[in-house]
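For clarity, chains are labelled A, B and C in written order, and residue numbers in each chain start from 1.
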Amino acid sequence: MSFTLLLDITIGGLILGGLYALVAAGLGLQYGVARILNVSHGEFIMLGAFATYSLHMLLGLNPIISLVITGPILFGLAFLIHKVLFMRLRKKAESAVIFEGNSLLVSFGLLFIIQNIALLFWGPDIKGYSYMSETVDLFGIVYAKNRLFAFLFAVVMGSSFYFFITRTRMGKAIRAASQDVNTAQLMGINTHWVLGFCFALGALLAGLAGSLISMMFEMTPTIGLPYTIIAIIAVVLGGLGNILGSLLGGLILGLVGNLVMSVDPGLSMIAYYMIFLLLLLVKPTGILGK
Amino acid sequence: MKAERFTWMRHQLLSPWFMAGVLLLIFLSAAPLLFAPYTIISITNVLMYIVMTVSWAFFSGPTQYLSLATAAFFGIGIYVSALAGEVLLFPLVITLGALLSFLIAVLVGLSTLRLRGMYFTIFTFGLSELIRHFVLWWEVNITGTVGRWVVAMDHTTVYYAMLTIGTVTLAVTQTVRISKYGLALRSIGDSEEAADHTGINVNTVKLFSFAISAVFTGAAGAAMATRWTYIDPSIAFNPLYSFMPVLMAIFGGITRIHGQIIGAVILTLLADLLLTTFPYYYMLLYGLILVVVILFVPGGLTGLQTDLKRLWQGGSGK
Amino acid sequence: MRILEVKDLRKTFGGLVATNRVDFHVDQGNIVGLIGPNGAGKTTLFNLISGALVPTSGKIVYQGEDITGLRPYQICRKGIARTFQQIKLFTNMTVLENTRVGVTFGRSADIQGPGVEDLSFELLDFVGLGGMEKGLAKDLPIGSQKRLEVARALATGPKLLLLDEVMAGLNPTEVGQAIELIKRIRDRGMTLFLVEHVMKAIMGLCDQIIVLHYGVKIAEGPPAAIVANQKVNEIYLGT
């Protein structure tokens, strides 16, 4: 294998990995802190993609600017959903296990609802737009500018997120809450607010990822679920409940995925699932898990 | 002691539910003579979901291991029918579908039943999806054509096949549930560690009941395959087949078998109705039903019945 | 006759040594106590004997048979039953059903039909829960829940009964009742192995006491010897 090819696969893997890391971090926050395995996570990605698309097509809005708009909107929407649906579930649930099961099922309901609404609103046809698709030459390999931008953005977001989680007080509160909600409460952390905040933050990251995706790929209302699955695998790979692990898991999956896709594009999902199943059998706690 | 056994059996056989069931069975056996083909096909559909829901709840209900593998076993049955339908007789095809599902359930169970809670659920979901993607890849790269044609079968034969499978499913699951085996299952669901220490071979019991829950779903898949003249992996292994039984059981009431049946009947007929009247909204409506049920009526319809009864009798029913 | 022999038993979790070369035996018909500060490894030892944990090294011999590494359900059927520090009842089942599970699955020889019911009723009566058969396990007060756990354990027909802090959380009257129950169980021919913190009860009941500290057996002997033991006094009794 030539060096250029290896470099190409690696860089491509990092680009994909950056995107997956963003997606995974979002889900990781939602499960790690709020204990909601949100299978409608991909739908928020899809919404972010379509919102950017519509803003671009209808208002001629620069997609990079949409990042600032779609993110907060999805944040608000998710915060509301959490308050109305999941908080209620939490109060009624007799045990953590029951809450997790019920919230999983409710998020499935959300999946159906959101996807159907999107189908009604935007229709089932493939949509896309062209933005920053001019190419740039890097180390003898050609890359589209939008992909490089997406990668850079993902890196910036990922690093900011990393700093936020590890260095700020809010971030530490979140990590505390993800490890032990009761103790965190005893230490004065307003866990109710933190739970909703984290859920919404997860959706915000999803929306941002969706915007990036809309710049690079085409979309239909059904693109969500594969990303959700990748996010779940990445989160488990990194360690369920470990938010930083989600970033790592996403990065690894991106690298592996790109490698597999260079051999046979149809094998990527299979590769992800095999990694997943093997992981669950050998070390379910993941790389960074206890 | 023998006399006591007979009294017990007589009590079961003469219970109103059982008698009603027998009458219903007799009635249903004569249905093709009484109703139009469309109705028969509709009933066949309902029977299919009854089998899947009751099978799912048989394992996942008492043990609280939420399995999302129903689509895998159903799809396996469908593909067995597609592959063997031209070569084997229909009853054999169904048996083969059932056996293969049983085998795969045992293999899956051996490796995964030590996973707890969320991990088990995600694993079963991932497994179903893996099988779907794998079959697709196989068809694209090895067989060369995606999807297969299925041997046509007239709707009356399929109807009687599903009626038989449905009856057998109910008979087996109910018998097991009442037996000491069912007691073991409930113990495991309540406190697996205590069950282990009280002499229950937890692994074997879990494995066996997981396999039973797969058998009838596989048979149903093999029987129903002919309703689609053409199948491909996304049709056969559609994830919805994993979620519908869960929703139906929860809707009807997961703990009692009549709850599971009622849930399956109502939601299947509802789906039929929605598909024809609001084809563009039916996912939305299903999602709403799911959310509403989980939020407000987590005990399902039969849970609601128990609550209402308690309310009627006044005071807490403790 | 030595009903239980623990030989050079060791259990490590990663770097932590929870049980460190523990060696002792229990004579049939005795009541043996296991004491030690929190974290000494008492429940771990019970878990090793009952099969919930697999030893890293060493042997466990029951009635002359090597049972090391057997699964909990197998050990239960051979005749060792236990209760748990954190009560693990079948909470959504009735009191009677809890006992029935024990009778149905835990015995070395199967009992069928009405014999199951009869034995269950008899056991519930024996532990003092007569008349409460129809209630749900989760609705019982803590004292009754402990009795039910004992009844379920007895239902499996053991010769050796492990009681893990069965008196924890009981008021003085209930402790007295528990002591009486334990004596009655012993009078039925059972050998008892108790983990307890209620010193008065242990000293009064036991023929033999084993003291554990950081996973190591630091003393063994009749109550009088233990009370006099200098090491035990330093480490455990606080003098």
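The definition used in the following text is that contacts are C-beta pairs under 8 Å (C-beta built on N, C-alpha and C of every residue); 3 or more make two chains touch, one makes a residue touch a chain.
Keep in mind that what you see is a predicted model, and the values were worked out from it rather than measured.
Of all chains, the one whose mean C-alpha position sits at the greatest distance from that of chain C is A. Comparing each chain's Cα centroid with the centroid of every protein Cα atom identifies chain B as the most central. We define each chain's centre as the mean of its Cα atoms; on that basis chain B and chain C are separated by 42 Å. Averaged C-alpha coordinates give centres for chain A and chain B that are 33 Å from one another.
Chain A and chain C have Cα centroids separated by 49 Å.
For chain B in complex with chain C, the residues that touch the partner chain are 1, 4-5, 180, 183-184, 186-187, 190-191, 193-202, 318. The touching residues of chain B, counted against chain A in their complex, run 64, 66, 111-112, 115, 117-119, 121-123, 126-127, 129-130, 133-134, 136-137, 140-141, 243, 246-247, 250, 280-284, 286-291, 294-295, 298. Remark: chain A residues 37, 85, 88-89, 92, 97, 100-102, 104-106, 108-113, 115-117, 119-120, 229, 232-233, 236, 240, 264, 266-267, 269-270, 273-274, 276-277, 280-281, 284 touch chain B in the complex. By the touch criterion stated above, chain C contacts chain B in their complex at residues 50-52, 71-73, 76-77, 81-82, 84, 88-93, 97, 100-102, 104-107, 112-114, 136, 139, 152, 155-156.
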